[in-house]
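Labels for the chains are A, B, C, D, E and F, by order of writing; each one numbers its residues from 1.
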Amino acid sequence: MCVAIPGKVIETDGMTGKVDFNGNIVDIMLGAVDAKEGDYVLVHAGCAIETVQKDMAEEIISIFAELESITK
Amino acid sequence: MKVNLAHGSGGNATRELISNLFKKYFSNEFLDRLEDSACLPPTAYPLAMTTDSYVITPIVFPGGNIGKLAVCGTANDLWMVGAEPQYITAGFILEEGLELEVLEAAVKTMAQTAKEINVKIVTGDTKVIEGSGGLYINTAGLGFIKHRHQLGAERIKAGDSIIVSGTLGNHQSCIFAQRMKIENKITSDCACLGSMVEALLNSGLGLRIMRDITRGGLGTVLNEVAEAGKISIQIEEKLIPIDPEVKGFCDILGLDPIYMANEGKFMVIVDSRDEEKALEILRKNSLGKMAGVIGKVTETGNQLVTVKTKLGGSRIIDVLQGEGLPRIC
Amino acid sequence: MNIEEIISELKAYDQQVNIMEVCGTHTASIFRHGIRSLISDKIRLISGPGCPVCITPAEYIDRAIEWSKKPDCLLLTFGDMMKVAGTKQSLSEAKGEGAKVEIMYSPLDVLKRAKERPGMTFIIAAVGFETTVPSYALVLQQIIAGGLNNVKLLTALRRVIPALEFVCASDTGINGFIAPGHVSSILGSKAYAELAGNYGRPFAVAGFEGEYILAAIYDLVKQKEKNKAEVHNLYSSSVREEGNIKALHLIDQYFEQGTAAWRGLGDIPDSGLYLRPEYREYDAGSFDIRDKQVDASSPCRCAEVIIGRINPDECPLFKTVCTPTKAKGPCMVSAEGSCGIWYRFSK
Amino acid sequence: MKVNLAHGSGGNATRELISNLFKKYFSNEFLDRLEDSACLPPTAYPLAMTTDSYVITPIVFPGGNIGKLAVCGTANDLWMVGAEPQYITAGFILEEGLELEVLEAAVKTMAQTAKEINVKIVTGDTKVIEGSGGLYINTAGLGFIKHRHQLGAERIKAGDSIIVSGTLGNHQSCIFAQRMKIENKITSDCACLGSMVEALLNSGLGLRIMRDITRGGLGTVLNEVAEAGKISIQIEEKLIPIDPEVKGFCDILGLDPIYMANEGKFMVIVDSRDEEKALEILRKNSLGKMAGVIGKVTETGNQLVTVKTKLGGSRIIDVLQGEGLPRIC
Amino acid sequence: MCVAIPGKVIETDGMTGKVDFNGNIVDIMLGAVDAKEGDYVLVHAGCAIETVQKDMAEEIISIFAELESITK
Amino acid sequence: MNIEEIISELKAYDQQVNIMEVCGTHTASIFRHGIRSLISDKIRLISGPGCPVCITPAEYIDRAIEWSKKPDCLLLTFGDMMKVAGTKQSLSEAKGEGAKVEIMYSPLDVLKRAKERPGMTFIIAAVGFETTVPSYALVLQQIIAGGLNNVKLLTALRRVIPALEFVCASDTGINGFIAPGHVSSILGSKAYAELAGNYGRPFAVAGFEGEYILAAIYDLVKQKEKNKAEVHNLYSSSVREEGNIKALHLIDQYFEQGTAAWRGLGDIPDSGLYLRPEYREYDAGSFDIRDKQVDASSPCRCAEVIIGRINPDECPLFKTVCTPTKAKGPCMVSAEGSCGIWYRFSK
């Protein structure tokens, strides 16, 4: 099961760091992404697998807006 | 000092434990006689009896410890059937190597909690097993049923309102976070529900049934109630009270708050005409600030529990399957 | 468009469409959000081979158990693997007999422990798709950096694309795929382009919220209507076209492709990831694990469930003799397995 | 099939266990409601409450199993204060890996034993912990005190007779022999003492106090009684009933039968004028064939327990020190 | 603590055997004594340390009878 | 004479006599049978160095703990040793921290287990006087015969005669000795002849029943009266003059004498038994264990108790701060220790 919500990097030395999920702070491997403090990351099995480029709530709104054009 | 097998021998070490610890903290006129059984005065009320064993790891956690659980949990089960908790028995199973200080802290908390709710711990037992410092406590409770006539699954009707007394998932999130060393500020909701319950029972409102929402979570409790009352239930996902931090915790581990254990929450079914008054009573209590109506009894006969999701979809809620343990991958 | 419009259009939809969601988390999300109740019965959602536990051969479990029973060896595994049957017993049963098996929450856990107990050999049960492989690569990196010689990986790592190709080639009537969310973060949305082209099937990359899934279904339904077979990335917040180059590089640095067995399906060429020769000393014997059926006479239809030929409720054992507490097949055991998810979310 | 963590989740697996096992064997009108607490009718009698946890290894032994112990032991504690056992609660702590058949056998025996003594198991709880197939059972008992006026440490007088209901050490010898794989024919004396106790209570004899002789053995019980009654006691070694096989077993391991645990023996202090009649009542019962007077209350105040040895010497008997475990070297 | 009572050898292969103490049968090392079935042995820590030459009850009686002469 | 006459004579006795019973089982028997209540207060019974646990140095416990904490090592011990303090902790405390310590009932137990678990090294905590040594010799014989290379002995084996000589030389006012019962079965009654002659002290060899002990006391009192210093064997049913030749030969075959440390007493020459050079591979490091005091500032007077200079109740800690559940010294821990026996049998 993947962690659906992104977490915020609050501490990092490049390889590992602390990631905050709504107040839950977890030690995470950060070696597979280029994330600095303040960035949001997707996490899977204790490892950040991607930095999140934009807010998901916004993205959902924009997808709906675009769906007509995408599927045309 | 650590617990060793001698503490469970029944001889001198056991007696020292009893007098230095159990008698010291629990002392009351019934326990102090240290007879084979506690001898208690008669009562005219019908009786309620319940038992639970407490095996929680860690023994001490934010918001409480095993001792607090052992008193609250058993007292809560008595309140749920409209009984007033009176007496509690305490069976301790100690693993060799347990620090006596840890045991003492638990015992002290049990005594305090019992005092707060005016319950007496009247008899006990201690056994020591091989192991590595674990502590298990069983409590059995005896209550006097003063309000039984108001409660019963058979009183539930279609249209009745389902109320939960507060946010869900705090206890289990707190415990898992401790075990998995995830930092957060979530504390267990471990609490005695008596003040809320008694206020409801004394209110004259149309109450139907109460259940504390412990292991198995809301989903399991609702299914049990649906089965017992031969009714169906529909709740709304967005009405379920949940702390954002708990929500975040559940998201990390793929846990569903509907199935998570609580130790200071209950659900009560009330006549829908009384739901506002019931909420008012609950919210007046510091433990019930987040109480809310989460759904309705929809029909009788079918025994199905469904939830309307945030997107407006509908899904069936069964009892908890499996262990309710987190998986990560 | 807004969500209400999409839901009402999907609800009213009257053409038969078969959509496969590849990822177990998508399957769970579909149930949790009641997506099926929001769309037309004509739109059939089929769960694909998206659970790494379900497709791990029984022989892999056997080998893990072997390690866990060796003196001074301890096996670390994600929780889901515990109850999956090997050819003789599960890890959970082995543990009951004294085998040293512990559940890990992150492969990172092993590093501290391995340092503290140099006399103990730690075997990581490394299962997963491309999403999980970077974790193992990073752990290996730290194992090597820390000079630890008491950690090994028993791998059953699988690539998603060959599995999807297997499904496409089996022609089970799938009209489009909801591409897995996090696997796509690693591989990039481009990874599906060749399949889309070769087999004429559209792909929509989606996140895990219900809205993403509805959007993906809508997208796939529309693509089918228009006879399109494009890859649409609806999850660009988290999925780049080119994927996570750094993660892909990490995978490539430590692992190489090879034939691998999928439980119930048999060998699929290039579908496995194995430690490269220069790191073989860290391998715990992952290379020759084939798929012999646990019990050929078992009527478990996991293989058909995994490739989407049937839904779990079409298996005769589903809910009758096969339940999460007495699972007959791995799909029922794992929290990500289709059968388990179907069981938990339906009554 | 083996117990796993899901059986303690509170969800589906727990419910299956309850309906396939606990409800199946324990079924009665109170338990079957499966509410948070069992709701019981009122009574005019004073109440007695007791609890014990049972952690015995092996779970099954010659003469009984943990389930028989769990019912007899708790019922015996109720009888000892002149109460009639009525209701029992059952808290099960299961270690992962426990064979369900072993649990079922214990539950079945509990049900049978409860039925034999006309007691109802009205509520229960199940928890699962990590481990290697162990089983721990807590029972709490509620009894109605019908004979309390006849009993009390304050009633003991100098000259009263000390009676034990049978041979000592059989239970502990049996258990140790099992653990240490020493072959013998010793069986546990595990039994419910109700028939003997009720016969005594209904006899009109001058009874003083009763205690079951469990962990800590006769030595510990006599010291407790001496303390509670502020009396001294002298017993005679040669009067203590003991089976030759048990004597042999104790000799091998250097154990003292005076400190050994029993599970179906009690001591009763009676007016010396009634000792013959009391013995007659006990010996009429199949469990009391070997009952005998072992000594006297000698004086009040001193609280010393002494034994006259076979050689005519005298030694003081204190409570059990340490673990009561055998050593060989 | 020594086992004060002697046990009866009921089975032996010379090296080990079964010894009966009033109905309690224990596996005992017999390699330090020359004991055959029916013999009584003193046992210490799982090992027979001596064969018993005569009945202890008789011995006690005879010691008392002899004490006067021994201590003369 | 009969027993009543002996008792009445001993009860009426009005001369001061100090008798040491060397064996812990005699000490226990004296209490259990209430012997002191049957004899005159003038006859003082003093407990000697008869408990193998009490005289084992703290450093031995340390070494046993070291083994029990090594990976794949398991220490087997008689129950009494568990609570005895090493310089830092007891075996029981170590076990609480995860050390692998198990109680054995007979050294024989080890053979089956060692065969079943070849990857585990079993260390036998081999303590005891000459009575126990034949057991270890026989176990070793079988270890060698069975080709087991995963069992070792950590020895703290002691000879009784040098200890008695130490007591005699310390001149603590003992007028006669009740010789240990089972040790005498091994050594033979002749073993005390030299001591009796050299130090002018009578010995009576006795069994464990109360009658034997009364007879021995009577014998020693009478010998003292008559200024005799002979060895009288009152236990000829079980003790031969020459001892158990077969057992002595066994001991001699595997063990040799050497200096050994006695807790509280320090080194006594020739008082230890060690594995012979040809069997050293089975030794777990027993040779250089000396006696450093656990806590020099401790007012524990075990050493004086052991040599009979004081009775346990003359130690200021006895029963006040030193009790079996919170023992300050080894004499209180062991079931055979004088302090423990005095505690349990008196109030």
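Simple rule for what comes next: a contact is a pair of C-beta atoms (placed from the backbone, for glycine too) under 8 Å apart; a residue touches a chain by one contact, two chains touch by 3 or more.
Since we're looking at a predicted model, the values are computed, not measured.
Trainee: Could you work out how many touching-chain steps separate chain C from chain E at minimum?
Mentor: Between chain C and chain E, the shortest chain-hopping route counts 2.
Trainee: Using only Cα atoms to place each chain's centre, name the chain farthest from chain C.
Mentor: So the farthest one, by centre of C-alpha atoms, is E.
Trainee: Out of E-F and D-E, which chain pair has the most contact pairs?
Mentor: When D-E is set beside E-F, the one with more contacts is E-F.
Trainee: Compare the CA centroid of chain D with every other chain's and tell me the farthest one.
Mentor: Chain centre farthest from chain D's centre: A.
Trainee: Provide the C-alpha centroid distance between chain C and chain F, rounded to the nearest whole angstrom.
Mentor: 66
Trainee: List the centre-to-centre spacing of chain C and chain D in whole Å, with centres computed as mean CA coordinates.
Mentor: About 56 Å, centre to centre.
Trainee: Please tell me the distance, in whole Å, between the geometric centres of chain A and chain F computed from their C-alpha atoms.
Mentor: So the centre of chain A lies 70 Å away from the centre of chain F.
Trainee: In angstrom, rounded to a whole number, how far apart do the mean CA points of chain A and chain B lie?
Mentor: Each chain's C-alpha centroid was found; their separation is 37 Å.
Trainee: Check each residue of chain A and list the ones that touch at least two other chains.
Mentor: 1, 4, 44-46
Trainee: Please list all residues of chain C that touch 2 or more other chains.
Mentor: As it turns out, chain C has residues touching two or more other chains at 3, 25, 28, 78, 105-106, 128, 132, 211, 323-325, 335-336.
Trainee: At least two other chains touched by the same residue of chain D: list those residues.
Mentor: 4, 6, 12-13, 254, 318, 321-322, 325, 327-329
Trainee: Once the touch criterion is applied, which pairs of chains come out as touching?
Mentor: Pairs of chains that touch one another: A-B, A-C, B-C, B-D, B-F, C-D, C-F, D-E, D-F, E-F.
Trainee: Give the list of chain B residues in touch with chain C in this complex.
Mentor: Checking each residue of chain B against chain C gives 180, 254, 256, 304, 307-316, 318, 321-322, 325-329.
Trainee: For the complex, which residues does chain B have touching chain F?
Mentor: Contact set of chain B toward chain F: 1-2, 4, 6, 12-13, 16, 96-97, 132-133.
Trainee: Under the touch definition given earlier, write down the residues of chain A that touch chain C in their complex.
Mentor: Residue positions touching the partner: 1-2, 4, 6, 15-16, 27-29, 31-34, 42, 44-47, 49-50, 52-56, 59-60, 63-65, 67-68, 70-72.
Trainee: Looking at the complex, which residues from chain C come into contact with chain B?
Mentor: Against chain B, chain C makes touches at 3, 7, 25, 28, 31-38, 52, 78-80, 105-106, 127-128, 132, 210-211, 214, 323-325, 335-336, 340, 343-347.
Trainee: Please give the residue numbers of chain D that touch chain B in the complex, ascending.
Mentor: Those residues of chain D that touch chain B are 4-6, 8-15, 33-55, 76-78, 80-81, 83, 87, 89-93, 122-125, 127, 129, 134, 136, 138, 140-143, 145, 148, 210-212, 214-217, 220, 224, 228, 259, 261, 318-325.
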